[in-house]
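Take a look at these structures.
Two complexes are shown next, each including subunit A; its partner changes from subunit B in the first to subunit C in the second.
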Partner chain A sequence: MNGRARFAFTVLAFGYAFLYLPIVLVIVYSFNESRLVTVWAGFSTKWWQALFANEAMLDAAWLSLRIALVSATTAAVIGLAAGYALARAPFFFGRTLFGSLVIAPMVMPEVVMGISMLLLFVGSEQLLGGPDRGFLTITLAHTTFSIAFVAIVVQARLADFDRSLEEAAMDLGATPWTTFRTITLPLITPAVGSGWLLAFTLSLDDLILTQFVAGAQSQTLPMRVYSSVRLGVDPQINVLATIIVCVAACALILSGWLTRRKV
Partner chain B sequence: MHAGPIADSIVRIEGLTKRFGAITAVDGVDLEIQRGELFALLGGSGCGKTTLLRMLAGFEVPDNGRIVIDGQDMTGVPPHLRPVNMMFQSYALFPHMDVATNVGYGLRREGVKAPEIATRVAEALEQVKLANHAARRPAQLSGGQRQRVALARALVKRPKLLLLDEPLAALDRKLREGTRFELVRLQEQLGLTFVMVTHDQEEAMSMATRLAVMNTGRVAQVGTPHEIYERPASRFVADFIGIANILEADGGWLAVRPEKITLSANRLDAANTVAGKILDIAYEGDRSLYRIVTEGKGTLVVSTTNIDRTRPASFARGQGVWLGWSAEAGHRLSE
Partner chain C sequence: MRYAIALPFLWLAVFFLLPFALVLAIALGTNAPDVAPPVELGFSFKNFALLFSDDLYVAAWLSSLRIAATSTLIALLLGYPMAYAIARARPEWRPLLLMLVVLPFWTSFLIRIYAWMGLLAKNGLIDQFLRWSGIADNPGSILGTEWAVHLGIVYAYLPFMVLPLYATLEKLDTSLLEAAADLGAKPLTAFLTITLPLSLPGIVAGCLLVFIPSIGEFVIPDLLGGTDTLMIGKVLWDEFFTNADWPLASAVAICLLILLVGPIALFQRQQARSLERRT
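What follows is the complex of A and B.
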C-alpha cells in the first residue's frame, strides 16, 4: 500500500469511527454485567432479559409499532395519489398551491403542527365527543406529515418516468386505469416502498408531535425512553437502542435494495 | 399536390390543425392514405410530422379538422379504442416484463384467451426472427432486437394502421440499411398500411410508396418518391430533397438536379450550355460533387459518377469547364 492510499484509509477509518463508535459502544454495553451504563463488568444478557420482562416498555414498543404500520401504510396510499396528481395531472387551477400544501408539513416546525393538531382534536372532542386522544390521534398526526415524504418520492420517480411507456400501453388497448395498474404502479413500486419505509421510520421515532396529540394513557416508545432517561439511565436503554439500530439498519438495507432493484 | 382521387383510402385527414400555445404545430393538413401503402411523413424537426402521427394515435387532440380511419370518425375516440398501433421511437418496451409478455400485452387487453395469445405471440416473434428470445427482458437485448420486439408487439394486434415514429433512428448505420428492407418486406408480406415519420430523406425515399414532405405544419407536397425528386412542387421541396440547382428561366424557376448536368472540358452540344470554373470538389467515393461558378447562371452543383478507379476526380480545381443539360433536364417549379 502506498502512502496516499494509507492516508486515505486512515481518514476513512477516523470518519467511520466518529460516526459509528458510539453506536458500537451502545451495542457492546447492552451486554454489560454492571448496573452502571459506563462501567464494564463482564459479559451478561441479563439486561436483555430485563427489557423483555419490562411490560411498560414492551407495551410502548407495541403501540409505536402499530402506529408506525398503520400511519405509514395510510400515508403511502394517500402520498401515492398526491404524488401522481402532482406529476401527471394537466394544469388545474391552484396546482402550485396544491404542490406547496402537500410538502408544507415537511418544513413546518413540529411544534406548530403539534399545537394545531391538538387544537383540532380538542375542538372535535368538544363538538363531536371524540376521538379519544391515543392510538387514533397519534396515527392521524403521523399520517399527516408522512404523506409529504411519500408524495415527494413518488413525484420524483414519476418525473423521470418515460411517458411513452404509458402511451404504449394505451396504444395497445389498455384503459387509463389498466395502464396505471399494469405499467405505472409496478414501475414505481420501489419508490412507494422506500416512501413507506421513510414514513415508518419517522413515525417510529417521533417524539415532539406525538407528545401533543397523545392521551394520558398512551405512551409510545420514544416517549417512554425519554421519560425513563430523565429518571436515570439503566442498561436496558442500551438493549433497546441495539434493537432499534438493527431494525433501522434492516429498513435502510431494504430501502436501498428497493431503489436499486432493476425492474 | 397529388392528382386524382384515391381508390381505396384507409385514412382521410381533413383540415387538421393543432396548436401548442402560440405555435401552430399542424396547420390545416389534408391527406389521404391508401390501404396497403407505406406512407412516409418527411420533414425537419418542428415541421409537425410527429404531432400529426400522435393525433392519428390519439395522444394529441386536434383543435380543428378530423381524422377518419377506415370509415370511422376518430374524433373523441381515446387511444385505447383506436384500430391503430404505434411503434415508438424509444420502442417503449415494458422493462418489468419479458419479451413474450410485452408482445402479448395488447392481446391480453383485448381479452384473447391464453392459448391463442401464446400462438399469436410465437407467430409474431417468428416474423421478426426473435423466437429464441421470448424469455429475455428488454434490458438483455441489443438495440436492433428491441426494435424488432417493439415491431412484433404492435403487429400482433393486427392493426388497420401501423404508425412508426422514426423506426430506424436509434439504430446504427449498418443495421439501419438492413432493417429498411426488412420493414418493407414485412409490410408487403402482411399487406398492412404503414405510416412512418422520419427526418431522413434517404429513408423516406427508399422505403415509402408515397410520401408527404412537411414544412412548418403544412404539407408541401405529396407524391411517390420519384415524383417528389423529379417533379418537386416548390423551391422548398426541391431544396429539401437531395441537391437542386434553382435557375431563373422565363420569369419562373427551374430545378435541375446535379446528375442531370454533363461536365466537359470542351464546349457541349446541348440545349443549354454555360461555361464555368471549378470552385471546389467534394469526393464522396461513388460520386464527386463539383461547385462551379458559371458565367451568368450563378454557382451550380454538378455530380459525376466515379467510374475510373485510378483518379479521384475527372477535373481539377480551378479548371475551366463547360456545363450542358438537355431541355427536359429541368423541372419548372410552380412556386
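What follows is the complex of A and C.
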C-alpha cells in the first residue's frame, strides 16, 4: 500500500467506525441480560419477548405503517406530477414560485412545519368542524413534506433521459397523455419507486411533525419510542432498533439490486 | 400538463402556504390560556419584541447559530476526506462504499440519537474508555453537555455532507491533477488550487444541507443536551407544548424562517443550477 492508499483506508475506516459503532452496540445490547446498557450481563432474548408482548408498541407500529403506506402513495402521485411539470414545462406563469414551493418543505425546519400544520387543522376544526386530529391529519402532514423528495428524484431522472422518444411518439400522433403513459411513465417508474421508498421511510420515522398534528388519541411508533427514550435507556428500544436496521439494510440492498438490473 | 402543475400547486397552497399565513396571524395575536384554542387574535408585535429583548431568547438564537456552524464545520472536516477517498476508490467499490454512507439515513433518526445516549452516559462505554486509557481521570457524563449535541448533529447529518461532496469530486477531471503534477506542482498545491476550488459547489451544498436542519433541531438537544443547552427549536417546542403559548411559539417560527430564508434561497438556486446543467 502506498501512502495515498493508506490515507484513504484510514479515513474510511475511521469514518465508517464512527457511523456504525453506535448502531452495532445498540444491536449487541438488545441481547443483554441486564437492563443497563453499560454492563454486559450475559446473553438473553428476554427483551425481544418483552417487545413482542408490548401491545402499545405493536399498535403504534401498525398505525405508523398504515400512515406511511397511504402518505407515501399519495406523495408519489403528487410528486410525480410536480417533478414531471418541473422537468418538462420550462416556461409557465409562476414557474419560479412553483419550483420553490415544491422544494421548500424539504428544507423547512420541522418544528416550523409542525406548528403551521397544526394551526391549519385547528383553524379548519373551528371553521369547518373537522377533520379530527389523528390518522388523517398525520397522513396529510406526512404527504406534504414527502412530495418534495419524490419530485426531486423524478425531475433528476427526467432531466437525464432522452427526450427524442417522447417527441417521436408525439410526431406519430400520440396524445400527450398516451405519450406520458406509454413512454415517460415506464422510463421513470424506478425513480418513482425510489421516491416512494424514501417517502415511506421518512413517514415511518417522523416524530416532530407528527407530535404537533397527532392529537390526543393516536400515537405513532416514533412518538412511543420518544416518550420511552426520554426516561432513559430501555432495552426494548434496542430490540426495535435492531429490527429497523435489519429491515433498512434489506430494503436498501433490494433497491440497489433492482435499480442495477434496470440499467 | 395542466393537471401536473395544478395538482401539486393546489396541495402545497392549502397545506404549506396557507398554514404559514396562519402562523403569521397567530404570532400577531395574544396568548389566552382560558379559551381553546389558547389564542386571542389581534395585531401587536409584542411577541416579536419579547424575542429580541429577553436575554434567554437572544442567547438561544446565538447558541443555535454557534452550534449549527461549528457542527457543520466538523462535519465538513470529517466528510471531505471520506468523500474524497470514496471518489478515488476503485469504481467497483464505490457503490458499496456509498451505500454504507447512506444506510444509517434509512434507519430511524430517533434511534441513531438514542444509540449515543447509552454511549455518552456516565459509566457508559466512552466514559469507561476515557478512564481506562488515562485520557481523563474523571470525565463524568458527556451526555447533557454541548459536546454531546455537536456530536449528535455531526453523526446524524454526516451523510448529507458526504453525498454532495462525492458527487462533485467524482466528476472531477483527474487529468487536470496530472497536468499540475507534470508542471511540478506538489500534491498539496494541486489540491488547494484545483481540487478544492472545483469541489466548491459540493462544499456549499453539503454545508447548507447540514446547517439548515441543525439550526431548528429539536430531538438532538432534547435527548443529548442538558438543561442549559439552548437551541431555538427546543425553545419553540417548550413554548408550545409546555407553556402552551401558541402566539409566542408562532413568533419563534416566523423568526426561524426569516433566519433561514438566505441559506434556503442559496440552496435552491444551486439545486436549480445543477439540474439545468444536466439538461
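Criterion: the second predicted complex is superposed on the first by the 238 of 263 C-alpha atoms of A that agree within 3 Å, B and C clash if a C-alpha of one lies under 4 Å from a C-alpha of the other, contacts with A are read in each partner's own complex, and residues count from 1 in each chain.
Following the convention adopted for this analysis, a residue touches a chain if its C-beta (ideal position, glycine included) is under 8 Å from a C-beta of that chain, and two chains touch if they have at least 3 such contacts.
All values reported here derive from a predicted model rather than from experimental measurement.
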Exercise for the section: Check whether A:T175 is in contact with subunit B, with subunit C, with both or with neither, and answer first, second, both or neither. Expected result: first
Exercise for the section: Mind telling me which of the two, subunit B or subunit C, contacts the most residues of subunit A? Expected result: C
Handout entry: Which superposed partner A:L187 touches (first subunit B, second subunit C, both, neither)
Key = first
Exercise for the section: Kindly classify A:I237 by the partners it touches after superposition: subunit B alone (first), subunit C alone (second), both, or neither? Expected result: second
Problem - Contacts of A:F161 with subunit B and subunit C, given as first, second, both or neither - result: neither
Completion exercise
In subunit A, both subunit B and subunit C touch residues none
Fill in the blank from the handout: subunit A partner, complex, touching residues on subunit C are 1, 3-5, 7-9, 11-13, 15-20, 22-23, 26, 37, 78, 81-82, 84-86, 88-89, 95, 97, 99-104, 106-112, 114-119, 121, 123-125, 128, 155, 158, 212-213, 215-216, 218-219, 222-223, 233, 236-237, 240-241, 246, 249-250, 253, 256-257, 260, 264, 267-268, 271-272, 275, 278-279
Problem - Parts of subunit B lying in touch with subunit A, wherever the complex brings them together - result: 57-59, 78-82, 84-86, 88-90, 92, 94-96, 105-106, 109-110, 139, 153-154, 157
Fill in the blank from the handout: Contacts from subunit A onto subunit B in the complex sit at residues 162, 164-165, 167-175, 178, 182-183, 186-187, 262-263
Handout entry: Touching residues (chain side subunit A, partner subunit C) in the complex
Key = 4, 7-9, 11-12, 15-16, 18-20, 22-23, 25-26, 29, 37-38, 77-79, 81-82, 84-85, 87-89, 92, 94, 98-105, 107-113, 115-117, 119-120, 122-123, 126, 140-141, 143-144, 147, 151-152, 155-156, 159-160, 176, 201, 204-205, 207-208, 211-212, 222, 225-226, 229-230, 232-233, 237, 240-241, 244-245, 248-249, 251-253, 256, 260
